[in-house]
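I have placed the structure first, in the form of structure tokens, so that the comments after it can refer back to it.
Letters are used for the chains, namely A, B, C, D, E and F, taken in the order the chains are written, and counting of residues starts over at 1 for each.
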Amino acid sequence: MSMNNLGIVKRNIVRADRQAVEKLSRFGVATIHEAMGRVGLMHPYMRPIYADAQLCGTAVTVLLQPGDNWMMHVAAEQLQEGDVVVAACTVDNTDGFFGDLLATSYRARGAKGLIIDGGVRDVKDLTAMKFPVFSRAISARGTVKATLGSVNIPVVCAGALVNPGDVIVADPDGVVVVPAAVAQQAADAAAAREANEDDKRQKLAKGELGLDMYKMREPLAKAGLKYID
Amino acid sequence: MSMNNLGIVKRNIVRADRQAVEKLSRFGVATIHEAMGRVGLMHPYMRPIYADAQLCGTAVTVLLQPGDNWMMHVAAEQLQEGDVVVAACTVDNTDGFFGDLLATSYRARGAKGLIIDGGVRDVKDLTAMKFPVFSRAISARGTVKATLGSVNIPVVCAGALVNPGDVIVADPDGVVVVPAAVAQQAADAAAAREANEDDKRQKLAKGELGLDMYKMREPLAKAGLKYID
Amino acid sequence: MSMNNLGIVKRNIVRADRQAVEKLSRFGVATIHEAMGRVGLMHPYMRPIYADAQLCGTAVTVLLQPGDNWMMHVAAEQLQEGDVVVAACTVDNTDGFFGDLLATSYRARGAKGLIIDGGVRDVKDLTAMKFPVFSRAISARGTVKATLGSVNIPVVCAGALVNPGDVIVADPDGVVVVPAAVAQQAADAAAAREANEDDKRQKLAKGELGLDMYKMREPLAKAGLKYID
Amino acid sequence: MSMNNLGIVKRNIVRADRQAVEKLSRFGVATIHEAMGRVGLMHPYMRPIYADAQLCGTAVTVLLQPGDNWMMHVAAEQLQEGDVVVAACTVDNTDGFFGDLLATSYRARGAKGLIIDGGVRDVKDLTAMKFPVFSRAISARGTVKATLGSVNIPVVCAGALVNPGDVIVADPDGVVVVPAAVAQQAADAAAAREANEDDKRQKLAKGELGLDMYKMREPLAKAGLKYID
Amino acid sequence: MSMNNLGIVKRNIVRADRQAVEKLSRFGVATIHEAMGRVGLMHPYMRPIYADAQLCGTAVTVLLQPGDNWMMHVAAEQLQEGDVVVAACTVDNTDGFFGDLLATSYRARGAKGLIIDGGVRDVKDLTAMKFPVFSRAISARGTVKATLGSVNIPVVCAGALVNPGDVIVADPDGVVVVPAAVAQQAADAAAAREANEDDKRQKLAKGELGLDMYKMREPLAKAGLKYID
Amino acid sequence: MSMNNLGIVKRNIVRADRQAVEKLSRFGVATIHEAMGRVGLMHPYMRPIYADAQLCGTAVTVLLQPGDNWMMHVAAEQLQEGDVVVAACTVDNTDGFFGDLLATSYRARGAKGLIIDGGVRDVKDLTAMKFPVFSRAISARGTVKATLGSVNIPVVCAGALVNPGDVIVADPDGVVVVPAAVAQQAADAAAAREANEDDKRQKLAKGELGLDMYKMREPLAKAGLKYID
């Protein structure tokens, strides 16, 4: 038994149900995060490299060593249509692990985009390609190919635990992880949550107050809120 | 006498003079900040959620508890045409206190936008609505409605003291607070400052040096500046 | 002999070869950084003030005192066609040392843009002018003109050593410094590096794996990579 | 009417009641902060320069300009027995505004210590003198005496509003501001809070659970807590 | 099936073998981390609250909500002799979740100390008690008891995945997590690693170079190292 | 001509005059920094690993690659009595590049201590040895020995340019670099500066104000300072 998970590529992973993924792709990150009971969100330092980037897919995970993108190439072979690469690093690092060549390769293999707790480069090209990336940093600093990490092991990426096959949804509000086993449930909950929002929006647009719509006046008074002049 | 200001909503506040606000709205944050003698600027970590966001209005202040946006709903009722909500938090927090539903409500009540020392979400929708927000963070993480803060008490937001009724001006350069009592004076000073900038710009565009235009050569020499070859 | 380099303006500096600069301007920062053997990159906190900013030119260096932009005016006189101002500060500072008036002046003197380890303001105007700036911060806070720094001495800007006359290349991936003496060599190496990228891109686009194209399988196996199911 | 508060020294300030201050000095910052309803705490980046530093006294406030400690000298004259200097800065700055000479002067004038949202130096000497300082940073970088700030105006220090005369209590847990008007009330509340802690401590030391002592089991069950095996 | 792990207390957990824990307690964090192949280390922002704090024990995990320490009390009941409480939070938060009363209770229940990705207070008392705590922050800010988290679920603490029952070793160099299943193996590897260090230390103390002792000269020359005069 | 300085060890360096170094060792960092005209200070994030660490010596510089301490061993051979190792890294990195074995080796070779813009470990042992280290971080994370950096080339360490042979002085106030060529001059200036401090200290201790001692009243009045009641 190995004491660590380094140097491993797991080939067969159980991906979340395709229909559940498709359904989740219709909702925003904020809605899904709420629907799940407010878990699974990555740290807010993860930002899209262009303003309207968004993606939804199943995770192929990568554990990187700092300044080394060898495993990003190894991961390419494990990609299937609809996957999202989720790359964590064994230590805080902002080097540019990923650029337009890898993006070309990933797209050719069917990948929907990249989530990386590190840096990326060739941002101009990636933007022109409309290849969505959410990253901790942008950096021109390149990497070597010298030390083993792993592919498709559980990783901690930007504070969130990601298992291979989990659903990853990302938009300008952030990145959320939906465990494969609850993907359908989360999609249903998100749909339910969104259903009655339109009605609320119209009422609020007419000037109705949330105080009344959500019946907050009584609990606020009970909590001791005082109005003074 | 209470030891803290929690659980209070002040209904009647003295807003800055409407004409002074209108006049201030014509100037950039940098110009106003200079005109006031370089005070009242919030920390530079406050950034617009879209590139060309800007606003000018009178402050309705909110003191939030971390992870709790109850008071954001209470504030809605206190809004008048031309107000800007300024939300501070009792502790550093990046949760998403505000989204498109609240924005719809605030706009319906006449609000010009939001300044928040915390996080916001639904950024895609807020951008589509052109609802200007300047925030410390963007985060999909939602909030609860459980603990009292206050509305329309003096707050410290991103390092600046804001009293209800003060004028808030924000553009991509930052967020500046103009105390209600000096709004007209600040507007006049900003106007005076801007008046002769066009002339300067034309001279500089022709290649004239600031060294000569501002008569800096003598003071520089006096301070000991040496030119070497 | 002075113990420090403050209060000095060096007038005659040796700029990098013009043709080498022109050649370098055709390549991205990531490519040049790689071609040079991964040195000379500024910290990734240096960001463009608008999304597609880029520049290439020869450095006129400025050493600023915190909250004081006097030397920015002194530097204007030293500018020649094709220069880039590189401004460092004696201490971490995010004040707005630079705005649209200085940009007008710099452009009139032939400058290509600004790299500043500090803050800038008038971002809206600078963007409209398409004057490229890469900075540590955006801040409306103005500065005084009271204390001497220097112009055209070696400076440390965002962690990189810059000598006057060095080539500065910046794009959304970051800012790289190419010493004047190796500008031609770096340009040639960048060209060589880029030459065969198109071929690689096409192969990857067809689905060929980097694992095969770069012949990584053997070294990975040798390093101990294990595939499991 | 001035648009800013710069260049002002207020000589007569109303200090908190001496007996209330003395009573507050018996309690820790955490206790006082709780007793006041959790307001008035400075940001946790404010740290003591030596491990067991602590102080309690009435605030003489200083507003500094970055890199300039002129006002620290002006403040010395305003000190009375039992005062604490609270220094804020118009912009984030870590320069060493204060050292052993100023400490000698402040102590001679009766000051109990210093709270500064900036840097200090001569830490070895200050430690030997047992002069308590809570600061944002330690830095050898000296300052000039060139630009006016103010003394005894309201300031925002490390996120907390401080009025001259307020009580400042600091210990390794942080720095808390008690408004002068509620000093006695806060002291009484702190005393009440601490009174029954000894009893609790003894029960807990014997192995009694907080779950039982604070009767948490029912509310936890009601909130939905589930025990599984 | 629940979509999240909130509101759960797992009572029966499998703790690492007691003898393996005891053996691990003899080694430093750096040694264990090396012995395991450089995995399992928490972020270096985790610091001891007093200079010589150290601990070794089995993890009882806690997932906290920001500003809420209810679960810290729930965890107390789950403690056994030799446990270490490892507290993570659903969002970055520096509030003071833990103080001397909880420490008294935890110690009475047999706990060895606390690892918390949040803040603690009563640092003076905790130091006097010699109760070791490694935390992200020190803060007097208290917390409420209102929202459910969980006890003894897998948590991500300061970037490291911790399962209940894992061994936690902490000293001034940091905090490392040893999975329960490999505790004995890690202890043996650490012992092996340390065995020959004394010999090396003596040789180095006599002036022998690591270059020779580790036979680095050849690989350095092969990598291209050049000595110049 | 190489485009970068990697893979080089310079054996013969010109160390600052031994007597000047000895004289500088009598003064604090703040005094020397002032005496030099406020240049040469490293960023304040450089902190001693134990409270009363201090050192003074001549720099042997090291350029490290992230996560790789190979060059630390190469540097050992270049050490002479009275040297201080100054280690910079090509990228921000907090790994533990240095521990007690290297300290033993360095001390045996005559080194006075270490300045490193990275992490160190074995802090407990280093403290027991009283081997002074000033670092950016403390981290148990070990490093590999795989990639070349350099020894005794000019480096940028924590924002300061260091040439081999320069004098490095460090104490709890920070780390300052004195170029070898001005070491004697700086030592003399520091001595002059300190000479009359005792006199000032005594006057201040008796209650004399800096306002009077430094004759500040007139310039303050001239600058517009107003006293109000």
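Note that in this section a residue touches a chain if its C-beta (ideal position, glycine included) is under 8 Å from a C-beta of that chain, and two chains touch if they have at least 3 such contacts.
All values reported here derive from a predicted model rather than from experimental measurement.
When the partners of chain A are compared with those of chain D, the chains appearing in both lists are B, C, E, F.
Under half of the residue numbers at the chain B-chain C interface are used by both copies of the sequence.
The interface with the greater count of contacting C-beta pairs, when A-C is set against B-D, is A-C.
Averaged Cα coordinates give chain B a centre that lies 43 Å from the centre of chain E. Chain E has its Cα centroid 28 Å from the Cα centroid of chain A. Measuring from the averaged C-alpha position of chain D to that of chain E gives a distance of 31 Å.
Within chain E, residues 38, 92, 94, 141, 147 each touch two or more of the remaining chains.
Here, these are the chain pairs in contact: A-B, A-C, A-E, A-F, B-C, B-D, B-E, C-D, C-F, D-E, D-F, E-F. Listed in rising order, the residues of chain C touching chain D in the complex are 65-67, 91-95, 141, 144, 146-147.
Residues 28-30, 33-34, 38, 41, 44, 47, 51-52, 171-174, 176, 197, 200-201, 204-211, 214, 216, 219-220, 223-229 of chain C are the ones that touch chain A when the two sit in their complex. Residues of chain D that touch chain F in their complex: 7-12, 50, 70, 73-74, 76-77, 94, 96, 99-102, 104-105, 107-109, 119, 121-124, 127, 137-142, 145, 147-148.
Against chain E, in their complex, chain A makes its touches with residues 1-6, 35-40, 43, 90, 92, 154, 156, 159-161, 179, 181-182, 185-186, 189.
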